[in-house]
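What follows is a short report on a single structure.
Chain IDs A, B, C and D follow the sequence of writing; residue 1 opens each chain.
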Amino acid sequence: MRSVYLLAMAFVVLAVAGPWLAPHDPAQINIPHRLSPPSAEWVLGTDALGRDILSRLLHGARWSLGLAFVISVIGLCIGTLAGLVAALGGKLADWLVMRTTDTFLAFPDLIAAVVIAGVLGAGTTSLIFALTVTGWMRYARVARGIGLSLQSQGYVVQARLAGLSPFAIAWWHYLPSLLPSLAVVWTGMFARAILGISALGFLGFGVQPPMPEWGTMLLDARIHMRSTPLQMIWPGMAVVICVLAINLTGDALRDSLAEQERRS
Amino acid sequence: MTIHATGLSVVRSGHTILHPTDVEIRPGTRVGLVGASGSGKSTLGHALIDILRAQGQSVSHVPQSPDEALDPLRSMAFHWREAERALNMAPNPARQETLFTALRIEGGDVRKRPWGWSRGMQQRFVIAMALIGTPDLLVMDEPTSALDPVVAADTMDLLDTYLADRATALLLVTHDLGLAARRVTRLMVMEAGQVVEDAPTTQLLSAPETVAARSLCAHRNWLELPC
Amino acid sequence: MIRFLASLTFRAAVVLSGAALATFALLWHAPGDPALAIAMARYDALATTDVIAIVRAEAGLDVGFWPAFLAWVGPLLVGDFGQSSVTGHDVLPEVMTALSYTMPLALAGLLIGLAISLPLAIIATRRPRGWLDRFAVAIASIGAAIPAYWLGLLLILLFAVHLGWLPAMGARTSAHIVLPALTLGLGVAASLTRILRSGILEARDQPFLPAFTRRGVAAGGIERDHVAPHAAIPVITVFGLELAFLLEGAVMVEVIFARPGLGSFLVNAIEARDFPKVQAVVVLAAILFVTVNLLIDLLYRTLDPRIGERDA
Amino acid sequence: MLNVDGISVRGGTRLRLQDVSFTLARGQTLAVVGESGAGKSTLIDAILGLVPCHSGHVTWDAAPVRDCRPALVMQEPRSAFNPRMSLRRSVMEPLVAKRITPDQQHLDQLCHGLEIPPDLLDRRPSEVSIGQAQRVGILRALIAAPPLVLFDEPLSALDAVTQKHSARLIAQMQRAQGFAALIVTHDLGYAAAFADHIAVLRAGRVEELSTAPAFVDAPASAYGRRLRDAAFALGALEHVA
C-alpha cells in the first residue's frame, strides 16, 4: 500500500522536476542523428527530427500530468459545488442541476471532448475547456449522493437542532465526510484526463507540436512504426505507467476508506 | 429425539467467545437462552445448529429479522420449494397449507417477493419454512425484536399452539428474561461465553443463584424495578 | 409503474433537448465563419463577398441563434438531420452507412470483453485475495491504464507487421475486423472484470446468505440462485458506461486502423468543418446513449423491486 | 408548556399525522406508543420542525417551539455522533452553537448523574459500547439545559438490563433538571413504568390519551387493549393478579 503512494509521489516529482532532469534540449533538432536507436548519448533514442526522446518525455510530463491536474481540479470544484447545490438547495435546484448533469452525461465523454476541442480549434485552451466540460459530472453525482445521505444522518440532524450555523455544519460535518470520497473520484478523473489529453493529442486536436506532449509524440512516432517501433513504445509506456500509478493510488485510498468505515 | 451436543466451543482470533459447553434438550420442551448482549448466546445458538446439522440431526433456525432469512429478489414460492429440496422432500401442497394455516398466512400470495408481504407475515413465513421438516429443534433468535408488539405476541401464540402436541423442541435466544419467562419452562443463563445457570423457569425466577441470573431477574419487570 | 415510465420518458426528453441545445450552441459559437467555410468548400476561389452572403442566406445562417436552432431542431424531430454543408447531400444516409461499420465492431468488442472478463471474474472470486484473484486484479488494472490507440498500435506491430498474420488497415475483408475488435475487447474486458469481481464479492456478503446455508441449501444452489442475480444488478447498471466506452473506443480504433465508421466520419467532418455532419453524429450518439440508459433504468427496476418500493 | 394543536402532516399522497393534539408540561413525561408506520417518528419531526405541518401548530410557552431549542435523543446511539470527532466535541456542540463557555462543574455533575466516566468523552463513538453511547447521547441532549427533550425509541438498541438502567437514569435526570419529556416507544412496559401519560397513535391519529396507571388497568380504546394484551403476552407487563 505504502509503495503505491511512494510511486505516485515519484511521478509528481518527475512532473515538476522533469525539465531539469532532461539531458538534452527537447526542441534541439539534430537531423544527422535522426531516428537513432537507444545509446549512451540518447538513452531512449531520437525521433524523426533527431530530438532526444527521453528529454521530450520528461518535458512532456509537465504537459500531460500538469494539464491533467489542472483539468481534474477545475472539474472537482465545479462538480462539488453543483452536487452540493443539488443536495442542499431544495427540490427545484436539485432537478435543474441533476438534469444539467444528465445532459452533459448524455454524450460519451471522449467523443464530446473530441468534438469540442476539434470545433473550437486545436490548442491548449480548448483542450482544457473540452476535458473540463466533459469531466465534472461524476463529482457532482458523488457530492450530491453524500450530501443527501448526510442530511438525514443523526449527527447532522443533531447539529441543526443545536442551532449550529449552516456554514459551521458544512465545515465540520459535510466537508470531512465528502473529501475522502471526492479524493477517490479525483484520482479516477485525473487518470481519465491524462488519457484524454494524450488521445486528443494523438488525434491532432490537443497540444500542438513542437510541444512534447505524449499523445502528440505518439502521433509523430506512428509514421515510423515499421522502421523504429521502439520510438512508439516509450510515450505509450509513459501514459500507461502514470495512469496505472494514479489508479492504484485511488484503489489504495478507497480500500483504506472502506476499512475506516468498517471500523467505525 | 433428544438433542445432545457436547463440547461446543468457539474461538475467534485468539479470543474464546464460547467456552466448552454441553447442551441437552428433551423432545417437545421449550428452553430459553438468556443473557446480556455480548454474553455469547447467539454464538452458542449458531454453534449448536452447526454441530447438530453435522451430526445429521434435523434442526432449523429463525433469524432475528426476515431480512436475514429471505432473498429480496426471489419469490416466496421459490424459497419454499428450495427449503423442501434442501430437505430432500417432494413438494407437498397439503403440508404447506397446514403450516400456512397454523401461522395464519394462508392469505399470502406466494408468487410475490418478500417485500410484497408485511414484515409480520414475512417472519411467520420464515417460521413456517423452518417447520417444514418437523425438526427436532427450532432455534429462534430474538423473534420479537424486529416486529411490532401486537404482531409479535400473535406470532408467539400461534407458534405455541402449533408446537403444543409436537415433538419439536424450542430454543428461544433472547436478552429479555421477561419474554423468556412467559414462553419457556427451562432457562439457561449465559455470561461471558459460559452457561452459568440452567434451571426450570419457576426455580430460576424465585431463587437465582448467580450474579448474572440475579441481575436479569431483578430487571425482568418494568413495574417492579428495585430502587 | 406507468407514472414511473412517464417521468422517466419526460426526463429523457428534457435531457435530449438539453443535449441538442448544447450541441447547437457549441457549433454556433465556434470560431470562424461557417458561411465562408461552405463557400470556400463549394466555390473555392470564386467565393467572393456576394457569394458568401448568398450562401449565408441559403444555409439559414443570417437569422439569430434561436430561429436557427428551431430551424434545425424542427426537421430533426421527424428524422431530418439536414444536408452536408460541403457536398449538399443528406447527412442521415451517410451517418447510417458509417454506423453500419461501427456497430459490428462495437458488438464484437463487447463479446470479446465478456468472453474474457466473465470466466476471469468467476475464477478470481473463487478464492478472494488468492493468487489468481490478485493476478486478475493486476491484469484488469493494467488493462484499464492502456489507452486504446496505443494498444491498437502495439497489436498492429505484433500481428500485422512482425508476424504478418492479420491485416491491419481498412475494412475490405472480414479478417480486417479482428485486430480492431480485439483492441476494443481487451479494454472492455479490463473494466468489466473489475465490475464483475466486486459485484460477485458484494453479492456474497449479503446478510441473508448464512440463513440459506443453515437451511441446508447446497453451496452451488446458493451461488446460482442467490449470488448470481445480485451480482448481475451492478453489472447491468454500468452497462451504460460500457456503451460509452465502446463508442469512444470505436472512434479511436477506427482512426488507428483507418476503418470507415462513425469515428473516421466524425474526425473527417470536424476537419472539414462540416457542422451538420458533426451535429448529426453527436445527436445520434446522445439519442442512443439516453435510450440505452432509459432501458437500463427500466430493467434495473424490474430486476430489483426494492428500488420501486423505495420510490413509492 | 408544549402545546401541540391539531397538527396534520402530509407525506406523499396520504396523511402521516391527522389532527394530533396534546399538551405537555415541564417535569411531565408523555409516552407515545403505537406500531411502526403509525406516525411516531413523524410526530417528533413535526415537533422539531424538521417536516412542515400543513395545518395546526406546535408551540412552547406560546412561542414557536424552535425558540426553546428542544433536544433529541435518537434510537441509534452511535449515529448521533460524528464518527470522526471525539464524543466531547459532539457533546459540546449545543454550547458552541450558543457561544456559551462550557461550565466544567455542570458537565461533571451531569456525567456523574449519567454514570459516564470522565475519560469516556475523549474517545470516538466507535470506541464505546452502545449503552455508553446512549448515555452520552442523553448528556448531549441535556448539556444546554433544554426545557423540552424528545426521546425517539431511546432504549430499543439496548438489552433488557441496560434498558432499565438507562430508563432510571433518564427519570433521575428529569427529576433534577425538570424538563418535559416526550418519549416515543413501542415498549408499553417502559411507558407504563416511567410516563405520566400514554398516548396511543394509530395510522396518524391519537387513538387514546390516558394516565399511565389507568391505561394499564383498562385501556379506553380497543386498539389500546390489544397493545396492552400483547405487552402481557410478551412479558413486558405483568398481570396484576
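As a convention for this text, contacts are C-beta pairs under 8 Å (C-beta built on N, C-alpha and C of every residue); 3 or more make two chains touch, one makes a residue touch a chain.
Quantities reported herein were computed from a predicted structural model and do not represent experimental measurements.
Fewest steps needed to get from subunit A to subunit C, stepping only to touching chains, is 1.
The chains that touch both subunit B and subunit D are none; no such chain exists.
Work out the mean CA point of subunit C and of subunit D, and you get 54 Å between them. Chain geometry summary: the mean Cα position of subunit A and that of subunit D are 50 Å apart. Centres computed as Cα averages put subunit A at a distance of 55 Å from subunit B. Chain contacts here close into one cycle, and each chain has exactly two touching partners.
Working note: touching chain pairs come out as A-C, A-D, B-C, B-D.
The residues of subunit B lying in touch with subunit C in their complex are 46, 49-50, 53, 60-61, 63, 67-74, 78, 82-83, 85-87, 113, 115, 129-130. Across the complex, subunit A meets subunit C through its residues 99-100, 102-104, 106-112, 114-116, 118-121, 191, 195, 198-199, 202-203, 205, 218, 222, 225-226, 229, 232, 236, 239-241, 243-244, 247-248, 251. Residues 36-37, 144-145, 148-154, 156-157, 175-183, 215-216, 219-225 of subunit B are the ones that touch subunit D when the two sit in their complex.
Listing the residues of subunit A that touch subunit D in their complex gives 153-155, 157-159, 161-165, 168, 172-173, 176-177, 263-264.
Of all residues in subunit C, only 207-208, 210-212, 214-218, 221, 225-226, 229-230, 303-306, 309 touch subunit B in the complex they form.
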